[in-house]
């Protein structure tokens, strides 16, 4: 039973991190209709900067328990790359999707070298500072509190985004713009401002995701291109542009991966792609996507 | 004489909503039939059923004696039915000649010729030139469609439909977006072109009662998914109740 | 000496040696030119970390050799190109050989690239020394009877050594074994070699789970949970690069690694990331052919480590030794051949003949070249300890084990898996 | 008469390519062999993308198919005739693309891109996971083969690549380009372009949307597999890197760099990127950044690619009074017009 609990929590933790990246992807796609391949690069950026920032802060005498807030701040700081990139993307808003996709692919190539230039090619990681929050132990069932905090942070982010979109005026404007940009523009909505805000928020989710995961993992140059593929799987399964879909998709991917590791490890990655293809063929708009016209 | 196109007791339901209910109409060779009705009366659904895009919930749709329910636009295009759209539909990056040519290729059954040069096919070029001539587009053959004027785009849209050499053509509000003064000119061109192209029957979906009155042999009025009237123009316009339903509501629109 | 940029101008390449066939040296003009060496090493991607370590060791060695007069009197000049995919690396290799007309190519870490490049090396008749990248699979098929190519030790050497050490020290203390290895031939073969050796020594065992995470997976909590559920007595893992510290961290958090035997032949590939707070003491820890903190190291090795620590703020891994060994071998072979022939600069064929049987003191210990152009080197493994001045684990100085690969790799022409079944091992 | 200058240019380009092994150092002939592989693959890719409006982000899987096909036919089965390998690769492309295409051509836009990406990555993990069959990460060997039944025993592989195989590939590319030229200028090509521009309208003109997209998908797969077989022979190895999604991105990169709205654009793009990457790698270790920046600049400022630029410069030079018009872009899709922005096929 405790083994089951460990596996389940492992899957959920994985899902929590994936959710943050996927939510950024969804938000940007939902409003701006841009599939952002560079979301993985933001994730990597958050991870690398998270290490640097936490290391410096701890050296400067910050107590260890500030780890989580420090990481959140690091992620937030890195979101500054959002607005300039949005400014570049603005040049192709009126073009075909393929141009937008390619421009973000160009960003992937560029960020790979920017990160290498700034942090070097060696992977880096933090000490086990995440254990500062302790562990919950019940027999064989062991989970670091930090992992639970990350899961909580992801749920919190989901809730905040939900509240923001559903309950605030700005959220309504966002949804209106997502629904019909021309109409929103005609009604005097500052679409340009909304796009900049949405893209920055999407970037923020990616950088925070990267920063939060790094204490339990490491930062490496490959993490950008690897996470993109998994985040894609999540949004395709959940339905492009849907926040509920991102949540369901990341849970599904996290749990399937965890489950297949136990029952049939060979199946791990294959299982995810097979589900992606199955969903695309049977319900192309994804589990939570609005059915296409 | 068997009708060219006929619906027998056709209904189309979307869940509880009955878009069309028990519609039986027929169009014969040589007829010009208009379909009118207020918004939401079921005109679009009927057009989609007639063009084989939708499968009726009940009843059958016949074209030249064959059941065409749901066979799709492609099959109908090759069998002799064409349609135009209310909003002008063009191929932005194709020239006028290519746009008409696409239909001619279908008509001549040459779409699977993967390696034969299009330009060298004289049968295609001749037909393209002929159709373009009918619509006064012969000077614009090499022009990209997106560079045409709005009126020319409309003509091109219709011309490409005519290039299928259809027996029946379905015109969905062909004069929408055209100024009132020009509406008759456009209609005259269309009807003239239809005659020149050898079209047997025209089905017109239209709001403009003036146009409907001027050209139709018969007018079918739809209201709330049912056939309200199926009458020649004289009898149609003599019934104030029908006019009230069809036009009156439009006035309030 | 600047490493990040090409140091060679194309115009030089068009003259002089251009008339001769590629790679064949023209002795007449030898003295006039520096000795030009091509380096192929990854700078990004998973193999970047050993790539950088190898590049830095090359830089150090070149400075050192040039200070001592270069190779047989010729100064060394480097042309550095990046090792990427097999297809692109072949192009870079041909550029080095055909355009830059280098005297020798050194480098290559990835097995896939090594297998693709091997035949090209032979076709090009360009003397090439691989740093690394020799897995069992496909080597016989893809790199048979090499003449111009000198290959590294088998990648599985460290697995054989770890297995032997595990059997030696822990025999009878484990039965339920679990594996977590990277999902590529290196990981597959490491695990298979371990199982084969357990069978060879009639160790009763049961494989309770085998995990194969994709290389570069940064989220292994699910794997950790799956391993924990299988309740193993021993975990064998050839995880390497960034994946390993991630695994250790997540395993430590879940208390997977507490109280069980850990056999990690590739642990030292990323040794500075193996922080004390998540890497337990007493695990079997492989450093491959270079252990930077080896108390028995030669003065040269200690000097190198000190330079590396001072200049790079880092501690070198095994690839530094491989790179140094390749370069030092070439230098020794050229000088030996020159001396034997009494010429200023030997032909490629003479250098190749001189390489065979050559023995060199490398950074990690002795190394030599077999008749079949495969290297023999000294491997270092041991048991991890927290008792040091670093924030990561090192080897317990009292329990450092070194083995020469002559006892770890199959003899020329043998099949690895058959050899494992019959070989006499020194435990 | 108006086409005369471009015909002269093309003939000159072919002659120049033909002279490379004679005049340039052998390195360049070797470097250009993969270019021919890419050029052929991209001719097919652009039938789908430029003419059919479908952006595949998993097209590298067909290059992989060709390379692995060559590894199986020549390496495992020992049939070392390159012509048979080419036919085998083409057949493999056909056999795989038919069911796959049948599934994916019902979608357009981002959906098509994501579905092909998913299939590409599925192929990648299959190649990686089933390593007993595929060699996993180290891939499968592609042995040396005979060309037109000739052994060329006097040549080593490098000389073979820089000599006979170079001309073989040049000829193959010319044949592939000629056939593709006929395809895009055929009635079929016209229908394909019409459904790219406006699928609904095309449908009512009798254009068989799914069948035509499927045909384009299959043809592009065959071209991709043939290009992949060339790459496999050149490298001597079929490895999973060929199928990774970033390699698919590379294919798109080349096409856009050259210009997807022009017939020769993909070939120009393949040549430009091959030469560019070669030079950049020599000058800086941060060549990926430079490539990314170039891609970004091309996407933003040169949406018609190098071919479009050349055409503008050409028309500027030929009539000094007529300035090149504003950048002409293909009509973009309107995001959001069909439900949640997923431009699903208008007819499905």
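Descriptive notes on the structure:
When the chains are written out, they are named A, B, C and D in that same order, and each has its own residue count from 1.
By our rule, a contact is a pair of C-beta atoms (placed from the backbone, for glycine too) under 8 Å apart; a residue touches a chain by one contact, two chains touch by 3 or more.
Just so it is clear, the structure is predicted and the values come from calculations on it, not from any experiment.
By count of C-beta pairs in contact, A-C exceeds the other of the chain pairs B-D and A-C. When every chain is reduced to the mean of its C-alpha atoms, the one closest to the centre of the whole protein set is D.
Centroid to centroid, with C-alpha atoms defining each point, chain B and chain C lie 74 Å apart.
Mean C-alpha position of chain B lies 41 Å from that of chain D.
Centroids built from CA atoms put chain D at 37 Å from chain C. Listed for chain C are residues 43-44, 214, each touching two or more other chains.
For chain A, the set of residues touching two or more other chains reads 112-113, 116, 266, 269. Residue numbers of chain B whose C-beta contacts span two or more other chains: none are found. Looking at which chains touch one another, you get A-C, A-D, B-D, C-D.
Looking at the complex, you find that chain C touches chain D at residues 4-6, 14, 18, 22, 43-44, 81-82, 85-88, 90-92, 94-95, 98-99, 111-112, 115-116, 119-120, 123-125, 135, 137-138, 141-142, 183-185, 188, 214-215.
Of all the residues in chain D, the ones that touch chain C in their complex are 25-27, 30-31, 34, 125, 128-129, 131, 135-139, 141, 156-158, 231, 234-237, 239, 241-242, 277-278, 281-285, 288. Put simply, chain A touches chain D in their complex at residues 29-30, 33, 35, 37, 88, 91-92, 94-99, 101-103, 105-114, 116-117, 178-181, 225, 228-229, 232-233, 236, 239-242, 266, 269-270, 273-274, 276-277, 280-281, 284-285, 289-293.
Note for the complex: chain D touches chain A at residues 49, 55, 57, 103, 107, 109-111, 113-115, 117-119, 121-122, 125-126, 128-129, 245-246, 249, 252-253, 256, 286-289, 291-293, 295-296, 299-300, 303, 329-330, 332-333, 335-336, 338-344. On the chain B side of its complex with chain D, the touching residues are 51, 72-74, 77-78, 82-83, 85, 89-94, 98-99, 101-103, 105-107, 110-119, 121, 124, 146, 157, 160-161, 163-164.
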